[in-house]
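In what follows, structures are represented as structure tokens.
After this come two complexes, each holding chain A, first together with chain B and then together with chain C.
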Partner chain A sequence: MNAKTKILEVNGVVMHYRLSGGRSVRAVDGISFSVEEGRTTGIVGESGCGKSSVAGTILRTLPDNGEIKSGKIYFKHGEIAGKSGMIDLFSLSEEEIQKIRWKGISMIFQGAMNSLNPVRRVGDQIIEIMRYKDKISKEEAQKRLERLCNIVHIDPKRMRSYPHQFSGGMKQRAVIAMALSTDPKLIIADEPTTALDLITQDRIMEEIKEIQKELKMSMIFISHDLSLVSEISDRVIVMYAGKIVESCDKRSLFREAVHPYTRGLINSCPRIRGDKGKLSGIPGEPPSLSSPPKGCRFHPRCPYAIAICREEEPEYKEMGEGHFSACWVVSDG
Partner chain B sequence: MANLFEVRGLKKYFPVGTNLQFVNLKMFHFQMKQRVFTKEEEWVRAVDGVSFKVDDREVFGLVGESGCGKTTIGRLIVKLMEPTEGDIYLDGKNIVKLSKNELKDFRKNVGMIFQDPYDSLNPRFTILESVKEPLDIHRIGEREDRIKKVVSILKEVGLNPEKSFLKRYPHELSGGQRQRVAIARTLIVNPKMVIADEPCSMLDVSIRAETMKMMIKLKEEFGLSILYITHDISEARNVTDSMAVMYLGKIVESGRTDDIIENPSHPYSKALISVVPDIDPDIKRGKIELLGGVPSSSNIPKGCRFNPRCPYAMDICREKEPDYIRVEKDHIASCHLL
Partner chain C sequence: MGRLRYPLRRIIEGLITLFIVMTIIFLLFRVMPGDPLSIVIDPKMTPEVKEMIRHSYGLDQPMFVQYGIYLKNLFTLNLGESFRYSQPVSEVLAARIPNTLLLFTSASVLSAVLGIILGRIIAWRRNSKLEYGLTLAGLFFYEMPIFWFGLILIYLFAFRLNLFPISGMIDFELWTLGATTGEKIIDILHHLILPLITLTTASFCGMMLLMRTSMVETMKEDYVEAAKARGLPDKVVRDSYAARNAELPVITAFILSLSASIGGGVLTEKIFSWPGIGYELYQATIGRDYPLAQGCFFILTLMTILAVIVIDITYAYLDPRVSYD
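So, the complex of A and B:
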């Protein structure tokens, strides 16, 4: 692929959660990235770094106290509300964005255990979405459901079961089928395998990869697991405390990552192959996002911090081709 | 090295549905004992004949997927439940049947670290109270010494500055700090052995590695043996000296950790290793496709319990349960292929 067309462009988005007493949590603090058509962008970070809030901001499914402060998100979509091409998602009304959800961008949620309705048959829940979004007949929806079952490897007969009769892996497959049911252009997968066993996780990941290749879908894959993200993504974005600290091609991540946080994460991952090496974590704890440290947010935990790190926020700069990083020490050489 | 701890033929079965068999019906002023549900007695064979030894100052890993019985073994060892069959020895002494006094002494010697640091600390206790409580219960040292001991152990587990934590409550701490408090509380009575049940799985990646490192350091300093229960075989590789891989209530392979990782013999261990994702995109991992999912432990397959999922299953695997075969020194596996 040479002509890289962007399907989603996120530009300097700032999103805060309002707290009582006028305080706020700066969950997403000036984030820019883009997703290319047919490619996967991975977002990796620890809990509370704002990675799931990015997903909520894109789909505008934030809780009531989530407030989008600034920035723009453009999504390539057919005509909607008289606009076409790259549509500014923040300019759409609630009704208009409703048309983008599921049809344009759909989501595979974390913890499939909780995202299915326990008192309704799994198949009916998927059919409901197709009929609501695509206005198709029951028979047609049923046919499409069977096709989906083949894609996610569930016996179509099992679609008459209730969620509690499914194993964890099957529930996750059903949720994936649901996300695929409306033929979306972009899928956001938020920790889709977190609660699963490793063997099941591996199989689901293989299936996601296959489906993505087959349907040429674009995807945002969110996870705390660096090795999982680097296996599935084309580009990897590393988030820390509401900001992107580094982003690069997955090939260069492992060997050429420069940000001390990314390096720390890589060294924290226990590995099963190759040299056992020395496991080293990152000392300290991630900061609270309601009062993040001054300067670079990583400086209190950074072994290389210098005076300027404590004072000024580093700029998010291009280090090499397609390799961006925000670090004072690295940018000075 | 002497072995400090040994489990022989441990079994734990849980009944299913038996509670409902007899119901006292009190009606029309007379009592009637009636068989209401005529369900046959079924058992979940959570732990189904497990034997292993843990050496002095060794970290021994129990690795397996959820439902394989690893947590049940941990709970049996700390006597949170009684085994259906089998023996557990600590320092050569069988601990399955203990008197009340012996039990108290036993609890001092064997500690447990739970998975969820949000649940395992009393929210109404300050950190000082939580960590000091075991000293009070076992009447160790004088009152003032106890506080000093708490301070020194908090320092030991890397809570810095240690004095600032004394008056705080668990909700003020992060997950990693709480787990450190839980570890301090377990270690303060100087146990010989600690059962750590997924101590890192709830923690963030960067904190997890620090916690693992700390546990290894503490093992050296306190001369501990640790039974390290985890679902993550790469974590086991980094923490344990020896390990056992479990499947559906049984050990399928055990030996020195490095031997198992480099040269796994059982198809299940091979599969477990092959599914771990890697950060290095250039590493190709040989995949072993397993068939289907884990069967229920109330309906364990005949023959080798792994046979329905095994890509190499032969006729004999469906008939006869395999014995343990010695692959190399200290490395055993139960598979008909060997």
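So, the complex of A and C:
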């Protein structure tokens, strides 16, 4: 497979949440990245940095006050509405994007605990989506459900149960099965393991990796946990306050990351191998996105901030092959 | 056995509740001022005759003996004899219950169906003109006094426009002149319309508002958002995800209103002179017809307790999270 084929291209997307009184939250502020076929792009950042809003913008599942201001998102999909090749998602009508949802792009939600309908059987909910999207018979859907159960390691008999009869890990597996059920081209996994205990989290991560390898899935993996993201992704994107501050290959991340925020994240992860180093957090709080600081948004918390950081926004520049960063200090050498 | 233990426990609890309520009702009537026999006893009667009548009604017995007889009779479902009608209470009630059920059960069912359908639509179209309009109208009709609305309808449609009869359930003249069954049914329906509209308007608005609130809450749930993101058809998300969960409290309200419907509404039945239980309860209370009033309350209490048990058992079917094992 040609690793260079892009399946999704996000280009300078700006998305605001309107607030009362004419104010707005700039949750996604000029984001560009791409996902290659069969590869995984990871997005990491603190809570509230806009990473889930990126997911919502792609699938257009934003709340009513979410407003896409500018930018383009292209997605490689079969023919839809007379268009084919890289389709401009923002140009699609609600009806057309409805066809992209779950056939083109599916999602593993944050908080799988609550994303299943409590009064309907788990299996029925998965069968329902397959039948709506793929127009297949009940028997066919049932067969596919059994295959999915094998992939996510759930006993097919348990599919007759209701969500409250499932453990947290099983619900998460069911939600993953649901995301895989219609054979989508791209999966967005938004904090898929955050609500789970560490042992279960580890097991689910192993399973996601297995699925990734077997099905050659293209994926966007979103998490606040840098070690999880780097474990599963080919490319890592670091977001801070609605912007991408750094992106690079997973292999070079720990060695070559230059942005002070990324370094801060790395230094706050405990390591097993290599030098022990000192664990340190990043002082301060992320800024409010309704009135972000002038200049570089990280400057109030940055130990290396210089005069220009307070005044002008740094440019997002290529530092090495496939390695981009937005920082005045490092780009000045 | 596990499945039967819960209903059995609830039935025993229900019987205890019934016993307590009936005791309170017994006491309430005894502390009410006035003599129940005042309508039977003529002041000109001699004391001996008065005493005889009092004895025949059992009212010369000490209170606790009366209470004992009362409990024994309730236990054997003997509701006694009405003072005013000199007829067994069960017969008086049996004649009234169908009338009340006809009016109030149809109003309950109509209200629930309309309320659930409209409540789901206006909640789904959050912040639309339709939502604002119906919510405002709903609040108005829900809060208005029902007798006032009934009187306005009578004035406009019965008195002014002469479209409907002013009161009652049947046209005696028509019935005594030997009408066919078809004509009789049409006659009853004709009498039914105004009180039915009065009742349905008020309670349907309550149902609609309840459904709307419940639905708005449910729509915030993750599983509704998730279903939308999955690209399921809008109607499927609305009906089998949002509404299916939002209906649970509305169904409770519906079953309770069904059970209350046997008691009718004192106000509505009085205004429309509808010959039902509510009207009878009013007359019995005013006339101190102890056995009849007690009988009415007995039926009411029994129905409410039954409804609560039915609600609990229905819930186990509607909401798989509820289990009584």
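What we mean here is this: the second predicted complex is superposed on the first by the 324 of 333 C-alpha atoms of A that agree within 3 Å, B and C clash if a C-alpha of one lies under 4 Å from a C-alpha of the other, contacts with A are read in each partner's own complex, and residues count from 1 in each chain.
The criterion applied here is as follows: a contact is a pair of C-beta atoms (placed from the backbone, for glycine too) under 8 Å apart; a residue touches a chain by one contact, two chains touch by 3 or more.
Values in this document were obtained by computation on a predicted structure and should not be read as measured data.
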Inquiry  = On the A-aligned overlay, A:L198 touches which partner chain: chain B = first, chain C = second, or both, or neither?
reply    = first
Task = Look at A:S106 in the shared chain and tell me whether it touches chain B only, chain C only, both, or neither; answer first, second, both or neither.
result = second
Task = Check whether A:G281 is in contact with chain B, with chain C, with both or with neither, and answer first, second, both or neither.
result = first
Message = Just checking: does A:I129 make contact with chain B only, chain C only, both, or neither of them? Give me first, second, both or neither.
response = second
Query = Which partner does A:L59 reach: the first (chain B), the second (chain C), both, or neither?
reply = second
Ask   = First (chain B), second (chain C), both or neither: which does A:N117 touch?
value = second
Message = By the touch definition at the top of the document, which applies to A:R251: first (chain B), second (chain C), both, or neither?
response = first
Ask   = So which one touches more of the residues on chain A, chain B or chain C?
value = B
Ask   = Taking the superposition as given, does A:G169 touch the first partner, chain B, the second, chain C, both, or neither?
value = first
Request  = Go through the superposed model and pick first if A:D234 touches only chain B, second if only chain C, both, or neither.
outcome  = neither
Remark   = chain C residues touching chain A in their complex are 126, 221-223, 225-233, 236, 240-241, 244-245, 318-321
Query = Touching chain C in the complex: which residues of chain A?
reply = 59, 61, 64, 97-103, 106-107, 109, 111, 113-120, 128-129, 132-133, 162, 164, 178
Remark   = chain A partner, complex, touching residues on chain B are 65-66, 174, 176-177, 204-213, 231-235, 237-238, 261, 271-281, 283, 285, 287, 290, 293-294
Task = Please name which positions on chain A make contact with chain B in the complex.
result = 46-47, 167, 169, 197-202, 205, 224-228, 230-231, 250-251, 253-254, 264-274, 276, 279-283, 285-286
